[in-house]
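What follows is a set of structures for review.
Okay, so chain A shows up in both of these, paired with chain B first and chain C after.
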Partner chain A sequence: MAFGRNTIVSMVVLAFALGAVAAVIPSYRAAEQDDVIRRGPGVTEVRKLSTWFEGLGGTNGDTDVYVLDSGKPGATGLVLGGTHGNEPAGYMTAILIVEHAVPTAGRLLVIPHANRSSVTHTDYQEASPRELEFQGASGRRAFRYGSRATNPTDQWPDPDIYVHAASGQQLSGAETRNLNRAYPGRADGTFTERVAYGIASLVRSEKVDFVVDLHEASPEYPVVNAIVAHERAMPVASAAVLNLEFEDITIGLEPSPKNLRGLSHRELGDATDALAMLCETSNVSQGRLRGATDARQVIEGTDDKYLHAAGLGRLSVPFDEHGWPMKQRVGRHAATVVAILAAFTSAHPDRPISLSGLPSYADLMAKGLEPYL
Partner chain B sequence: MITVVYRGIVAVAVILVVAELFSQRSLKVKINAGLVLIPLILRALMVA
Partner chain C sequence: MSTPDTLLLLLTGACFVALVVAARLPVSLSLAAASVVLALAAGKGFPLAHLVEGMFSYLDVSLVILTAMVFMKVIEANGLLTELTQSLIALLGRSRLLLLVALTIVIMFPGMITGSCTASVLGTGAIVAPVLMRMGLPRVTTGAVISSAAVYGMIAPPVNVPVMIIGGGIDMPYVGFGLILTVLTVVPAILTTLWLAWREIDRDKLREVMAASRADLRGSAFCGGRRLLLYLPLAAVIVLMMGPKSFPQWFPDPRLPLTFLIGSLLGTCTGRRVQLLSAARGGVSEILPVVGILVGVGMLIEMLTLTGLRGAIVVGSLAIPSVFLFASIAVILPLFGGISVYGGASVLGVPFALALLGRNQVIVLSALSLIGAMGSYIPPVAFTPVVTAGLLGEQYLPIVRRCLGPAVAAVILGTIILIYANPVARLFGV
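After this line comes the complex of A and B, so read on.
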């Protein structure tokens, strides 16, 4: 059977298309490989989120939960990093805690990648780097940089309008894949709602006393370098802010809005007994005013365009040629977690919780993140 | 369920583009069809 020239050319073009598909599949699959996170001296157990909600088993939502148990009675805290995969200071702080912190009272649960799916892809047209590379004390370490949202291969398509199930609140369709608009979640909901449900189930089952959700925001965003606290968490959060001010770390305190639903500090505070707080640092790589985007910008936190915007008074944070480097953002988050632990212990002396071994803000500013990786 | 429906729509689009690739005589149009196929196949397979 002889093929005409047109058929042969068509088959060649089709073969090239299929070859291109085959060539790129490994890189997409590689993005699903978890970053290496080492068990530090304080880690007593590593569990999966599916332990608390079986519905996540075998999915990209089944993330690691690190347990740092002092063996001494006290409070239970939960630190969430990686709610948004494009806010790396959050998950780098969680990783720093896992690899270095030793609990001395109570128990700390740490989830470095709360939305594990969000670091398996990047946002379209944002020119995001695929990974952040550090020359750590133990050699090269690489950590994926992701997206604000769940990977569409885990949840697709987006509706035109996202309706938050618990409240009926309407948001833009893409927010349906935003973990921090999905709380308290639903067992039979979307992928993102099921992840939120898993975290809420963990909080209830483990009788978590407080939750600290680590985020980043662009320098022009009004709520930045701040703790956002549920009204029940306000006494602890305000004491933490004072503790941080004593370390010369200026940080704001914002009340969790009652009419903005689906966020961890609102829903976990309402739906569970935990005190819910969320922390923000300033990250230029998320902003709309930024210049060329690359891993250097994410790590060094400098940007000429933001320097210009600062001169025009358009930013919510001070900004100079030093920018907001990763070491400072991680240092602020780590210091905030320690300050919250201290504030909780002061307010509840019968339920202490404390850590040792975590580098201080001054250590990180002086030496950088690399010696601790 | 809605994901299955959308994947079905993408699969139909893939079939139609392949049919177009074979029926068109212009090389430029064939190459265009080949380029369009790449993301469609990746999404149909839920790889990207």
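After this line comes the complex of A and C, so read on.
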């Protein structure tokens, strides 16, 4: 049987494409392995999110919930990291708390990877690194870098438009896999809505007093280096901002928009008794203006294109050749969590909550993140 | 842009053009090769994982295109397409104006409810094409009419994905866009169709075709219950497309690929006998080059991001003095659309929206989506004309040339609306 030129070219291209896909499968499968997170001295229990919503059992949505219980009466707080897998300062802060913090009053629940599925893949066309590597005090530590959204292998295909179930609000179809557009979630909804439902169930069942959702945003985004607070959480958030000012950490305070639905600070604030807050730091590796994309950029937070854009007055944060390194972003988040705990305790002295053992912003800026990993 | 960035961009462009023009490689393979050259030249080696990741960027769109094409082949073979063409001419053929206006809206409709120009071209565009050609329109003009209506359908309400993408980037809900988007899309779409087709329709021929269509319908093998049955696949596709949009809380969304597959299966049970496998092979064979282009585009954008060229393009655009900002939006946004309209909305639309924060954002986002959508005609991808050309068995560049005048007018309209966003907002009460 004779083959024409086109057939031969087609077969070569097909063989190359299949070979290329086969060659990268191991690296994709490796992303399914959970990061090593060590139980610190304050961790009293590790549970699964399926404890509060059985529907997540056996799925990539069933993430670890670390309980740091002082054994003393007080408030219960919840820290969410990894809502978006491409915002690493959020989950690195949560990991820092799990590995170092010791509760001295009340109880803190920490979920380092709120959307566990989001760190099992990276976004198309974003050229994201797969892994962030640190030479920690205990040796090499590697943490996955992921996507803003749930892995399509867990939820696919996307609809043309995403309709937020509770409000009917329409968003672009890709937002259907964004955990921070899915709250308060649905027990019989999509994978992402079920994860949101699991977190909302935890908040209700454990009578969580406040939620802090740790995020990052690009330097040109209008809401960055800020706390976004539900109206009921505003007094605590305002006091936290003042506490941070004493540490020379400038941070903005934004009210949670009432017409933007599905976000943790809006829906958990409306649907539960918790005071809902969300924190943002400035991360160049998420931005549309960034230069060459790699792990160095994520960790060091420097970028020549953003430096140029800063000179043009196009950014929402100050930006110089030092950029916004990971140590600074994690330091800001960690200090914000501590400030919120202090502010809540001041506002509710009958329900105190506090931590010790967490490195301060100044410590992290001076020594970096590595000594604590 | 810095000198190294400029050199990299020129090298990539030269490599692509050389492969297409000199080596006569398909556009898809040329895009893939240019992506690899860019990565190597930027010192990124051969980033296999990123290239593969880029390949999958448009998997969903590709599935829609492939299944829609199979559906079209099935309803062409089972007699529905001919029956539908004759019915439309018999119903609307009395008036040129009425016919052209109605057909424009019909082409736009699938894009309006799905946000996809592909759905328009391969859905109702494929049905309307034979009608236009029987009325005496040349193939190129037919392609231009379908392409332009499909592009406007893509950004017409209720679903405008570029606005949703830009809105998502600046935390703005998709609310209050209905009226302004209707005005910015339906009116220009109708005017474009009239401009393209009015003079080329032969009124005598139209009357003849209408009479012939009526006679054919009277003598059709499909009458009564059989005719109703013949229309079942189309009715099923329309219901499955509209149901989830109209009743999102309780109507399950089968998504477009499954919708077209269900329509195809129904098509094999109604009308003339159809070999599904043969129809599928024919459809896939015709549209495969378009899918290949999407794979290549995905790889190229991933490499532009990896090497920092994407950021260089965005910052370079923002570096243009503010007095020239509107001119740069009018030029750069459609140019980036030459690679991907959705990509342009995400990569450039968001920074441009942020640069125009002092103006009414509903109007700004609507105008940006209008300007960006005109990138659908820009080579190398020229996505909408390419898909239309694939459908009609025509070259895409003549279609692009026919659409260029109205597209430039739309960009000028969008730019004027951007400049006067606040007065326009007061006019529309948004």
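Convention: the second predicted complex is superposed on the first by the 348 of 373 C-alpha atoms of A that agree within 3 Å, B and C clash if a C-alpha of one lies under 4 Å from a C-alpha of the other, contacts with A are read in each partner's own complex, and residues count from 1 in each chain.
Convention: contacts are C-beta pairs under 8 Å (C-beta built on N, C-alpha and C of every residue); 3 or more make two chains touch, one makes a residue touch a chain.
Remember, it's a predicted structure, so these values are computed and weren't measured experimentally.
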item	value
Which superposed partner A:Lys305 touches (first chain B, second chain C, both, neither)	second
Partner chain in contact with A:Gly173 - chain B first, chain C second, else both or neither	second
Comparing the two partners chain B and chain C, which touches a greater set of residues in chain A	C
Partner chain(s) touched by A:Leu242 [first = chain B, second = chain C, both, neither]	neither
Which of chain B and chain C A:Val24 touches, first, second, both or neither	both
Which superposed partner A:Pro157 touches (first chain B, second chain C, both, neither)	both
First, second, both or neither for A:Leu14, with chain B first and chain C second	first
Interface residues of chain A shared between complexes with chain B and chain C	13, 17, 20-21, 24, 157
Chain B to chain A touching residues, read off their complex	2-3, 6, 18, 21-22, 25, 27, 30-31, 33-35, 37-38, 41-42, 45-48
Contacting residues of chain A [partner chain B, same complex]	6-7, 9-10, 13-14, 16-18, 20-21, 24-25, 28-29, 121, 153, 155-157
For the chain C and chain A complex, residues of the former touching the latter	29, 42, 44, 47-57, 60, 63, 113-116, 158-159, 161, 164-165, 167-175, 244-245, 248-249, 253, 255-257, 298, 301-303, 305-308, 310-312, 314-315, 318-319, 343, 346-348, 350-351, 354-355, 357
Residues on chain A engaged by chain C in the complex (per definition of touch)	13, 17, 20-21, 23-24, 27, 122, 124-127, 130, 157-161, 163, 165, 168-173, 175, 220-223, 257, 259-261, 287-293, 303-305, 308-309, 312, 314
